[in-house]
Every structure is written in C-alpha cells, then in structure tokens.
C-alpha cells in the first residue's frame, strides 16, 4: 500500500507536468488558429524547453536569483501533489483546501524573489503589478471558495469532490451558480493570460519579472507558468465541475475550461492595472458576495 | 490678403527687402541678414503663424550660406520663403526663437550640420550626431569619402573606382 | 518535422532545439524592420518555423540586423549582442550591412557590420520580403546542422579583433570606459 | 519544596536585577551589560525549570483589606512567562551592540529589565491587586522606554500613557467593584462567585476588563497609540513592545473570559443583548485585521508598517479566542506565540538595517542590501513568511486553526476578513523585503557590512524557532493543550506534526517532505544545465543602452495603483476622531480656566457662594 501511495504521489506532478506542456503547445496552436494562421506544431514547447536547457551560456544574478527560480518551480510541483485529480488524491489527508490556498503562494513568492534579485526596474514593476493583480482577483476567489466550503460544510477538497459525484446537478456550479460564475469571470486574471497579462507584458515592461531570465532560468519560469495554469484549472474543476470520477474525465474537464480560457485570451486586448482592479472588485466580487450570502443562509 | 498686396506690404515695410510671387499661394522674399527677425515679426503679424522649417543652403562658389525660413498662413493659404544670406567663414546671425519658440531646434540642427552660430539660442549643443569630432558634415567643402576612408578603414568598392 | 529528422534530433537534441526554436530579439535596428511585423503575424506566420519575437536579448538566440546600421545604433547593437547568451546567430538584411550599400560614402553609417559583430548570414534585397526571410531561416537550419553557424565562437575566439574595431568607431562606449584594451578579456 | 523556593526566587530576581543593573552601570559599562544579560537569562532558566508545576504562593497579607496577595504558576502562566522572558532575553542581547555608544544606557537597561519583571509579575499574579500593581509597573516602564529617544518619541510616549492610564482606570474600577460585590481579589475564587451575578453586572465587569486589555492589545477603536509608539521606540524595545508586551492584553482576555467569567456564563450574557457578546468581539477582531493591514500597505516607513501589522495580527488572536472552541483558542494562543517570534524578528532585522545605514527607515531610499547583509536578509525572509503564514512556518498552523474554527462555526464572512488580511499582508510585507533587500544597491549604502555577531544571534534563534514550530507544531500545541485544560476548556488533541485526522487534514511533515523532494528534483534538473556566469548589477537589460551608474533600479510608491483604490477608504479615522475630541476638550477646558480670574476677592466670593449652597442643601433636606 505504501509503495502504491508513494507512486501516486510522484505520479501526480508528472501528470501535471505533461498536461502543462500539452497546454503550452495547445494554447499557441489555438491562438494561431483563431488568428487565421497555422501556428507551431503541438510539441513546440518541448523544442523550446530543450533549446533553453541545452543553452551553452546561462547568466545568473547571484544565489538568491537561483534560489527564487528553484523555489518557484518546486512550489508549483508541491501544490500539484495536494490537489485531487480525478480518483488520485494521495496527499489529501495531510493538506486540505486551506493548505492548497497557502501552498499556491510559494511559487509566486519564488518568482518575485528572483525578479527582485535581478536588479532590473522592469522586473520590480512586473512584480508590483503581479501582486496588485493577485490582490484584485483574490477578493472574489476567496469569497467563492468560502461559499463552496460553507455549502459542503468541509474544508477538505476530497470531500468537496465526493459530494459532487452524485450527478450533473450535484456539481458546485449547479449548487452555487453565482460563485461559479464569479470564479469563471476571474479565471483569466488568476491564469495571468490576456486581458490581465500586464504583469509580464513584453511591450510595456519587457516581459516583467522574466526580463533577466535566459537559458535554463527561462525554461524553469515557463514550466512554472504552465504548472500554475494546471493548478488553477484543476482547482476550478474540483470546486465547481465535480472533479471527475477518474483521471480521464477530470483531464477532459480541465481541457474544456482551458479551451474556453484560451479563446478569451486570444481575442481580448490587455487592460491596465487600474482597469483590472476596477473590474475585479466590481462584478465578480458582487456575484461572489451574493453567492456566499446565499450559501451562508442556506447552511444556517 | 492676396499675394500681390502682401508683396507690396513686404517691400514697403521692410527696407532692403525684395519679394516675388512665384505662382498662386507661393511667395519668395529676400531680406538682408540684419532684417530677418523683423521680417519674421511682420509676417507673423500678417497671420503667418506657422514656421514649418528653417533650411540652410551652401552656396560654396559665392562663399555664402543661405537661410530660408518657410512660413505658412492657415487663413490666406500662402507659403512664404524668407531668404537671407550669411558669409561662409564664421557665419553668425540672431536666433528666431523669441518669435517662434520651436525655431530653437531647427537652429540647433543647422548649427551642428553647417556650423552657423545663432546668437541667443540657449541649446546649441550636439544634437543628432553621436560624439561627432569632425567638421560640420553638411558643408560642401566636407570631403565625406576621405572621412569614410579614415573613420571606417579600407572600403574595396572605393579603390576600384 | 518529418520522420527523417527524428534520428538527427536524437543524435544532438541541442542542435534540434536551436534549429526549430529561433527566438529573435525584437530590436528595430534599421529601415528593414518594417518587414518584421508581416513576418510574425497572420499573413506570413513565422511561428510555424518556431521563430518568435522576444522582448529582451537574454531570452533570444537570433538577432536580425535589418538594413543600414548608423554609428549611434551600432552602440546599442553591440550592447544587445553582448547580452545575448550563447549560442547566438546574426542575420543581416539587405546590402547596407555588407558594405554600406547606397550609404557607401555616408559619414555616419557603418560600412562592414562583420568587423564589429560576427554575422552568420545575409539576405539580399533592399528590403527582403517575408518569403526571402523564411528561406534564410531554412538556410540557417542547414548551417546549424552542418555546424558552420559559429559566429558566436568566432566572437569569443578573436574578441580582440572585434573589440579593436568597435573601439575605433565608438571610443566613448561605456563598455570601454572601465576596461583598457586587454587581449583576452572574458566577456 | 524545591519548586516553592524556585518560584519564590523569580520575581525578586527580576526586580532586583533591574536595580542592580542600574547601580552596576555607575561602576562600568561592561559589567552592566554582563549583568543585564544575566538577569535577563535568569527568568528564562527558572521558568523553564517550572514546567508543568502548579504552585501557589501567598507572599504578602494586606493588613487593612484582610486579603492576601499571592502568586501562582499554572499552564497558562507558564506559557506566557516563557515567551515573555525568552523574547526579552533576545532583545537585551540584540541591544548590547545596537545601543553601544548611545547615552543613558544604565537607564535603558534597567527599564528593559523592569518591563520584563512587570510582565512576569502580571503573568504570575493570582489576585487582581498584584495583577494591577504589576500592570502599572509595566505601563510606566514602557512609557519611560518609548520616550527614551526624546523629541517626537516623547509625544508618542505621552499618547501611549494617556490611553494606557485610561485602560488602567477601567481595570481599577472593575477590581474595586468586584471587591465590593464579591469581597475577594483572588481570581480563582472570583470564578465561582461571578457566575451567580446578574448578567448586567457581569457585562459591566466584562466591558471594563475588555476595554483595559483591548487598549493594551490595540484592537481597532483604541489602537491609535501603537503606530507612533512602535516607530519612535528604540528597535530592540519595539521588538519587545510589539512581540510580548502588547500580548499581555491577550493574556488578560484569556484570564477574564475563561478563568474569571467562565465561558458558559459569557455565553449566557446574550439574554440582555440582541447579539451575544463574543460575536461582537469577533467582528471587532475581524475589523482589527482588515483596516490596519490596509493602512500598513500604504506606509513607507519600515517600522510604522510593522507596527500596523502588529495591530492587524492582534485581530487574529481576538478572532481565535472569541469563539471559545478548543481549536479556536488553540489557534489564538498559538498565534500569540508565533506573532511574538516573527514580529520581534522583523523589528530586529529593521533595527539591524537601521544600525548599519545610520538610522534610515524610509523604504523609498534603501535597496539591494541582501548581498551585503545575508543573515539579516534570511531572517527578514523567514520573518515575512511567518507573518504571511507560508506553509512550513508557524504562522501558517495557527492561521489554519483559526480558519478551520471560523468555517466550522459557520462564520464565512469573518473567515473572509481573516483570509483577505493575509493577501494584504503579502503585498505590504513583500514591499518591505523588496525595498530594503532586493534590487540595486544605491551608491550611498554600497559599503554596508553585516551586523556584528551579537546582533545576528537573536535573528538566527528566532528564525530557527519559526521554522521549528512550523514543521513541528506539536511542540507548541502540547503546552497549549495544557493551557486549555487549565482554562477549563476542552483541550485540543494534537500530534507532533499537526492535527489528527478526525479534526482536520494538516500534516506539516508531509508538506516539508513534499517541498524538500521537489526542491531536490528541481535542483537536479538545474544542475544538469550549464553553470551560470555571474553578472554584476550593472550588466542588466537597458533596452540597448548601458545601465546608468547612479541609480537604475529603485522602487518608490510600490503599489501606486492599489494605493489609489485603497487610500481614500482607510484614512485612520479613529486617530482623526481622537484628534477632534482633543481639540474640542481643549476648548472646553479653556472656558473652565476662565474661572481663575487671578484676584483674591473673586475667590472669596466663590467660597461664600459655595457655603450658602451647602447650607441651603442641608436645610432643604429638613424642610
């Protein structure tokens, strides 16, 4: 039993990694198709990562710079191990939804440390924009998450998922439509994709925190970004779309949400930080507040 | 105000000024160096509020630079080219920036490219050229090919010639 | 990438990676930059070939020098080239970087770009159309395969030659202020 | 028998130490420093030896009120005593080199030890008289230490003193009325008698005590003194002030709510109120989290930012205690200990930076000190992760317990206030770390070196405690379970690595294993790539141009967009109210002052009028 559990624990990040790499390729292909062009082959991210890892010269800005990048990727890998994916939830007994919420802080902190250590104004501006955006989307997301926890009366992700297995109507989206809608409206901000990608905007601040990252550092940052996408999507599916009985239905749902997210990303322009805050704290927050109020009243 | 009576006004008010109407909406006026700024003030009063450019031509044979102030009137739709002549050796004249503030930049460029010194222009500093050590490059007596030879080393295409 | 490439890819993944993922520095050096937007957008789509415009030299390995190079721009080109990690490739557009082109006798354009930074390939045409640029990309692939796209190695080996030329034209560059002309200064 | 004498020695040693240090100072500075450290270390050792004892010691029989003043040590007292004495020892060690060369060191060290003694007195006192006496000693010693630097510090000290005295008067009133009704000062005895009293009277007593302890714990309406006091006080004392001294309020709350009033009677208070008392206390705690943390986000002075966080974190403790469930109290008390560790650490780190850069605290000037002050940077990093509550730090476990209670009790909006408090903390605290340690070093501070060893030691010790308690929360949760049983509340069941499965899912060793494993795997992949070339701070992307040598990367007004949104809503209205109130009061007293016209016969007239009034009153009574 122990060996099976360890195997599952190791399997989850690997599944997450493969799905993330697939997503990187898929998003570029979907965006290309929407812009009426062919776009790169699906395995282009593998080529990019191989190129970056086998670079003949890497430039670092000190120990803290390296540690930040390592912490970023490691934080993402650990968080994946704690999120139930389909039937697989090996570590769920030692970390519930609150633990996952706080574990999700590790990788942005790592990247922020690396950006700070890279001594470039673009990186500092990128970090301050990213944290302001995080404050922006955290308000509605926390309200929605609390609504789910109050509605299902538990803070453990596994119990939330199992409570939704009964039928389509049992899903979080059916039980808490307002919270689900609020979280969906906030999803592009959490994924950091257009219209909320001003934190890593290539034109304005030379790709923000990534400005001094080259070679293997850029490979690690790219993988971390993809893993973060997988984490956010799998959380959304676990909370609102029933989390899937086995890994395949789970990945199918994650893929569906990702597809819709990429379509939004491909057609919308980039908003400024002030516009983002004004939007995030208006409609999504009101919806999430209403959802939470209903959930609290129904539970009481 | 049509071109003719503008021509008469210029010749009447500015001493030593000659004006010719080239065709509809285009008038050329020649003014001695001393009268250039007063001519600008007069024309600005007559509605020529747009100084579109100051260009400088190098008449090497006559040993003179020619400054041309291009003025435009939105109401009368007339383009006036006000010309003055400067000596080529140590060319000096008065700046036009009190009349048109943006003339400062045009004069700065002419100073860098031709070496004309504009009295009263605060910013006659290096402008477009990067750490330029050579003589003002747009002057016709500046031999670019020799300069290229020295600055950039041997250029095979030059030798065949 | 057809099946013929798989053995080649497995033999040296580094070359395979470098070939099909050329990230170009989005740095507009000269008049030819007007050709870049159509190349990277829907009409011609350079992404099919894995060519992406990147914001900073740290992230890039391809440097497109588009058109004539003025003395002032050469300072920025040298700075950008120094900041790019190895392996890096430079492609010159048109005849101006080759021998000065129509600005052959101008006092502020560089005549031979190759004297200041190593150039791996040239594209003829003033300015080359997107199809010519893709032909150049394919040529670059073949050069990488044959291992002759070694501009960055040349730059490292006889850096003293390049530095002397750069110092001759741009003595005031911040790069030279601190360092005196040493023979093999590690860049 | 040995325990009796051991316990009897602690307080005299602490108070005597303060006096001795002052006298030793006259002889020689080194002796004074040595004695200061000795008398700070003595309580730590003595209290440690008293672990698990339950001793009661009557030390002085009051002749006139036939009451007996006594000290006692139980789990609650021991828990707070060990925290107080440990943090105070570290602060004294930190201030050895920090205060070197400053004036009035005898006065400073004796006050520090006096404050320490006062706090130990409060924690050990078994009756309200000795509690009140030690409370006053602590307040006065704090006033002296806050205004130690002079200038603005005196005004800050005055503001602190006024509010602290108001709190003490409220406490004195409650103690007196309790003696009048119950006839005893002994806390344990009061516990039985008070539950029989009428709800109205119990509510009055509760309000008085909560006001007194609330002022010290800086809950929202009465928090205004704390930011000025913390930023003007000397750094080592700020660490003690915000770490443990302010948490005497939490000790008081625990004492009142659970020992004196018994939690059941507090619940029964709701008869006379629409909403029960502890729900209001919870909402006050929630507001104490959100508003001060928003204000902390806007600060540009390092110590004021930390001070506002001190207030914000106080809200978590009140929120934890307010629901009286075993997990909630465990969370609240554990958060008190955690907060003591990381806020003291952060104040010492800011003190170290201040020590090296000559008193610079403005976040817009500093930058890039991580390479020159590595130990302080690592301490700061661990400190802020504790304050945020990252997994593997102790702050996370206590916050997890508090959230679990709030969600379990069905108060999602309170849980939301606590959670959003964390994200506000992340933003403001990262600004603190980024503006001081990351980015480019300005020319002015290029020569900064690491602080001397004696200042690095406390930083290292506190960092290790944060990580140790984060990975092994059981180390602190077992004594807290003992505290809960001594308070008469169901104790929390705990394992070494978190909470057993039936209570909730938290196993910190698995989190540690996960993080360590993934870090190792990622480092393995990282080492495969080519070794990186080191670039200095001028070899950075500057869009083709060379990086200017004076200052290329600096950060002022770090979250400008967020300021514009949050700024207008979070002006410190409480402070404005007090300022307005003071203005009006001065006007009133001005009018009253006019009575003293200065010539004698008006005074004679006043006396005559007053006497006639008295007579009339007397006669009126008989008519």
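To keep things simple, chains are lettered A, B, C and D as they appear, and every chain counts its residues starting from 1.
To be clear about the criterion, contacts are C-beta pairs under 8 Å (C-beta built on N, C-alpha and C of every residue); 3 or more make two chains touch, one makes a residue touch a chain.
If you're wondering where the values come from, they're calculated on a predicted model, not measured in any experiment.
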item	value
Chain pair whose interface holds the most contacting C-beta pairs	A-D
Chain whose mean Cα position lies farthest from subunit A	B
Chain with minimal offset from the mean of all protein Cα atoms	A
Whole-Å gap between the CA centroids of subunit A and subunit B	62
Computed distance of Cα centres, subunit D from subunit A, in Å	36
Chain centre separation in whole Å, for subunit D relative to subunit C (CA means)	60
Subunit B-subunit C separation of Cα centroids, rounded to whole Å	41
Contacts with 2+ other chains: residues of subunit C	56, 58, 75
Per-residue multi-chain contacts in subunit A, two or more chains	53-59, 206, 211-212, 215
Residue numbers of subunit B (touch at least two other chains)	none
Chain pairs that touch, as defined at the top of this document	A-C, A-D, B-C, C-D
Partner subunit A, residues of subunit D touching it in the complex	368, 370-371, 377, 381, 385, 388-391, 396, 400, 403-404, 407, 410, 412-413, 415-416, 419-420, 422-424, 426-427, 430-431, 433-434, 437-440, 498, 501, 504-507, 509-511, 514-515, 518-519, 521-523, 525-526, 528-535, 537, 539-541, 543, 552-555, 558-559, 561-562, 564-565
Residues on subunit C engaged by subunit A in the complex (per definition of touch)	1, 13-14, 16-18, 20-21, 26, 41-42, 45, 47-48, 50, 53-56, 58-59, 61, 85-87
Residue ranges of subunit D in contact with subunit C within the complex	539, 541-542, 544-546
Touching residues (chain side subunit A, partner subunit C) in the complex	28, 32, 35-41, 44, 47-48, 50-59, 202-203, 206-207, 210-215, 218
Contact set on subunit C toward subunit D in their complex	27, 56-58, 75-77, 79-80, 83, 173-175
